[in-house]
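Chain lettering (A, B and C) follows the sequence in which the chains are written, and residue indices restart at 1 in each chain.
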Amino acid sequence: MVEGGKWRRWVFFYIPLGMFVFVLLFPFYWMLVTTFRPDNELYRPWMAPNYTPFWTLHPTLDHIRYLLGETLFGTWMLNTLIISIVATAISLLCGLPAGYALSRLKFPFAGSLGTGIFITYLVPQTLLFIPLADIIRNFRLGDTPWALILTYPSFLIPFCTWLLMGYFKAIPKELEECARIDGATRWKAMIYIIFPIAVPGILSAGIFAFTLSWNEFIYALVFLSSPAQKTVSVGVTSELIRGDVFFWGALMAGALLGSIPVALIYSFFVEHYVAGLTGSVKG
Amino acid sequence: MAATGYALSEPHARELRHGTVTRMLEDERWLALVLLLPTLVLLALFIAYPFVKGVELSLTDTKVGVPGGFVGLHNFAALSNDTIFRTAVWNTFVYTAVTTVFKLALGLWLALLLNRHFKGKAMTRAFILLPFIIPTVLSTFAWKWMFDPTFSVINWTLYQVGVIHSRINWLGDSELALISVIIVNIWRGVPFYAISLLAGLQTINPELHEAAAIDGAGPWQRFWQVTWPLLLPVTIVVVLFSVIQTFSDFQLVYVLTGGGPANSTQLFATYAYQIGVGTGLLSQGAAISLAMFPVLLLVVIVQLLYIRRVETH
Amino acid sequence: MAQVLIQNLNKMYGDVYAVKDVNIDIRDKEFLVLVGPSGCGKTTTLRMVAGLESITSGRVVIGDVVVNELPPMDRDIAMVFQNYALYPHMSVYDNMAFGLKMRRVGRAEIAKRVQEAANLLGIQDYLNRKPRQLSGGQRQRVALGRAIVRHPQVFLFDEPLSNLDAKLRVQMRVELKKLHNRLNTTAIYVTHDQVEAMTLGDRVVVMRGGLVQQVSEPMELYNSPANRFVAGFIGSPAMNFTAVRLRDAAGSLQADGDGFCIDVPEEIAPRLRRYAGRDVTMGIRPEDLRLANGRHPPGLCFDAVVELVERLGAEILLDLKVGQQTMVASVERTVCAKRGEKLQFALRPERIHFFDTASEAAI
């Protein structure tokens, strides 16, 4: 019966799991290979006899060199980094107190406000981008990083607030009460007691917010125009294509390098990221 | 009751030890206001205000650089006659429905697979989320390259295996384009479903499965009778989130096809972009964006009602 | 002068009274216990004294200051919670120092006080540890230490021993009492355990349904309960209650119950005379039922069948069937009794309680 058991495991478990992992990760492998593949191999049609798709025997750094040297990729990375960090900071600065208030204080309309903030999370950027572009223009923020730094929190804050509410609710109220009896004002109790305990949640929210900022596209596409102001996603999309010609090597290099910061942070904080994701779903 | 024998004092001296601000912030209601103010201001400025402005825009005939006048529901009437718009509506519904069904089924299957114990489980779980983590635009480019009619690795593989004999024009064929876009969306969404559903699965007490097994239920029955009902709350939340995201999707289609060929992959968002930003017809673009709103509102209401029902249980 | 005066205190949630008309004068240095079943309002009362709940009406005075409008931090009190409420992200030292830091006490003074309290409680070796590295008993001491360093006017305790296992609870009870004797500070202690109430309190307040039932010293609660509730709440095993009809029999009163008939002792007969011919509730504690040995007056004896014998070691509990009802008797461990055996029991005349059936007040 050991034979039968093993067979079943392979058919129903290992093979499907393997297929999932393969399909989910293959495009990244493809990104990797393409980045280091020389142009002559790259542009070999797939019906050609010496098409070696899955590896290359002549890896090259040409595309990366082109990307970093001939394009504004470095600037884009810097822009995106700054925008994501500042937007995340703003969102946490707003989301922390908001989450605290909604989950631990009693005041009129608490429920409706909480629901209201939750609803704004569900208003997609693609619904607002046209009027928002107008507003950005009127505030004279067009084509500056501020256009994104100020608008990203509009979808980051609701998320952070909601996530942090979950963490705050789990902290027993006796801790605050004891702090207040000990001599702390409500404000001090919040800062010295509640916030430090919620640090895992703050980390999750921050990491998730950073990733969401990095991933944002349509606002960046619409609000930014000069090449030097663009973020990685927009820059790669618009500047690495001349007319109908796609510079695939550089494109994939851009895609690869552009993914690294997020992937790095993710790899160090996987648990926090998963907690953030599942926390936002379980509410 | 004992007589105290001396006068009681009201705590004037003590109260004045604190400034007015400190005393005010001790009141829950004032504190809540101060804490919520930055958030409310930001959301009012960048969500409420644009929304209102969007509605206003859609009722005028503004173009870029040309302020417009009030035209009532003219833009919406024009849209209902616009064949491209109708195609976009149809596409969006098909896109959302098909991807959601597949994402749920595949995500659930993957979650069930991940729910076991095996070596390298943590690492597998970490790698699986990559499609969701990596910026959509960047990973979509990889797919675009994989779909390229001349250089597609997928075509090559299928050719080698003998399934096809000539090339498949994944993104250039108007029949195939929507399917290709759907495939990429499913690829991107499965990890989100899988990890969320996995979290849900892990909250199900294994003793319930054991009891069912002892009662004689086979694996399929155990799934339907025990796992599925208990997973329903998480499933519904995940599906509703995902539906909203997918319905208003932009990045994927923009990169892969831009809405073509022949509008076969045009969605609300891409069409709004094309009309509003591409051709500068701001009002019409705003109207297209707003046309999404009724459906989204419905989905949000359903979700809120569901959450309320779960909470009162 | 750290007295605490609770005057006409009320707390309402909507239309429901959680605490009604509570009046208690707590003397300086007194250890007062609030005891009662869950939901009786004892914790709500404590929290109103602490400032954690708003007061619907009435006054709370701490020392000589009316504290109704003062936030908790200004009331000069310290509280020990049931779940200890230790700050998990801080070391034991920082936990104890927190309150002093909030009040801008100097570092040297903080160190002195923390060391003092730590030595007093035996936790001086744990000062650098985090709460999660401590056992339940150690955490309890840290919570106590945190309260002590503040040198408050009043200590408040909210069921601090409930989370400890039985043995530890007994040990901590003793330590708490010794601590109070040393510190000599007013204390208000809330518990649902009547044993803690009896052993710790200088005076005990029994509460039920938001109302004060009785305020007395422990032994007085035991000997002279003001009503049936207090009588049944204090003492374990609980007092036996039985309905009796008072009959006038040739000038003396008889209590006619199910399965027995007792002569009402002369000392208490006058109080009961006006109930003659009516039903009242009679109460007798298990420990006040003795095995009749022939020297007991027959008017105070009755027969019972032993249904169950529970040997506790120090004593034996007998579940008795008297008529159609059950009673519990607590007898010495030397007694030989067997299940099904019919025995005769005697009541001690001065230990019989009577209660008005309708109002439940003691007669």
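Keep this in mind: a contact is a pair of C-beta atoms (placed from the backbone, for glycine too) under 8 Å apart; a residue touches a chain by one contact, two chains touch by 3 or more.
Note that the structure is predicted; figures quoted are calculated from it, not measured.
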item: Best-connected chain pair, where connection means C-beta pairs in contact; value: A-B
item: Reference chain B; chain at largest CA-centroid distance; value: C
item: Distance between chain centroids, defined by C-alpha means - chain A, chain C (Å); value: 58
item: Whole-Å gap between the CA centroids of chain A and chain B; value: 14
item: Set of chain B residues in contact with two or more other chains; value: 26
item: Residues of chain C touching at least two other chains; value: 71
item: Shared interface positions of chain A, touching two or more other chains; value: 185
item: Interface residues, chain A side, partner chain B - complex; value: 13, 16-17, 20-21, 23-25, 27-28, 30-31, 34, 42-47, 51, 53-54, 90, 93-95, 97-98, 100-102, 105-108, 110, 113, 115, 117, 119-120, 122-135, 150-151, 153-154, 157-158, 161, 185-187, 211, 214-215, 217-218, 221-222, 232-233, 236-237, 248, 251-252, 254-256, 258-259, 262-263, 266-267, 270, 273-274, 277-278, 281-283
item: Chain C-touching residues of chain A, taken from the complex the two chains share; value: 172, 174-175, 177-185, 188, 192-193, 196-197, 199
item: Complex contact set, residues of chain C against chain A; value: 50-52, 71-73, 75, 77-79, 81-83, 85, 87-89, 98-100, 102-103, 146, 150, 156
item: Of all residues in chain B, those that touch chain A in their complex; value: 22, 25-26, 28-29, 31-36, 38-39, 42-43, 46-51, 53-54, 56-57, 106, 109-110, 113-114, 116, 118, 122, 124-131, 133-139, 141-143, 145-146, 148, 150-153, 155-157, 159, 167, 187, 190-192, 195-196, 199-200, 234, 237-238, 241, 244-245, 247-251, 254-255, 268-269, 272-273, 276-277, 282, 285-286, 289-290, 292-293, 296, 299-300, 303-304, 307
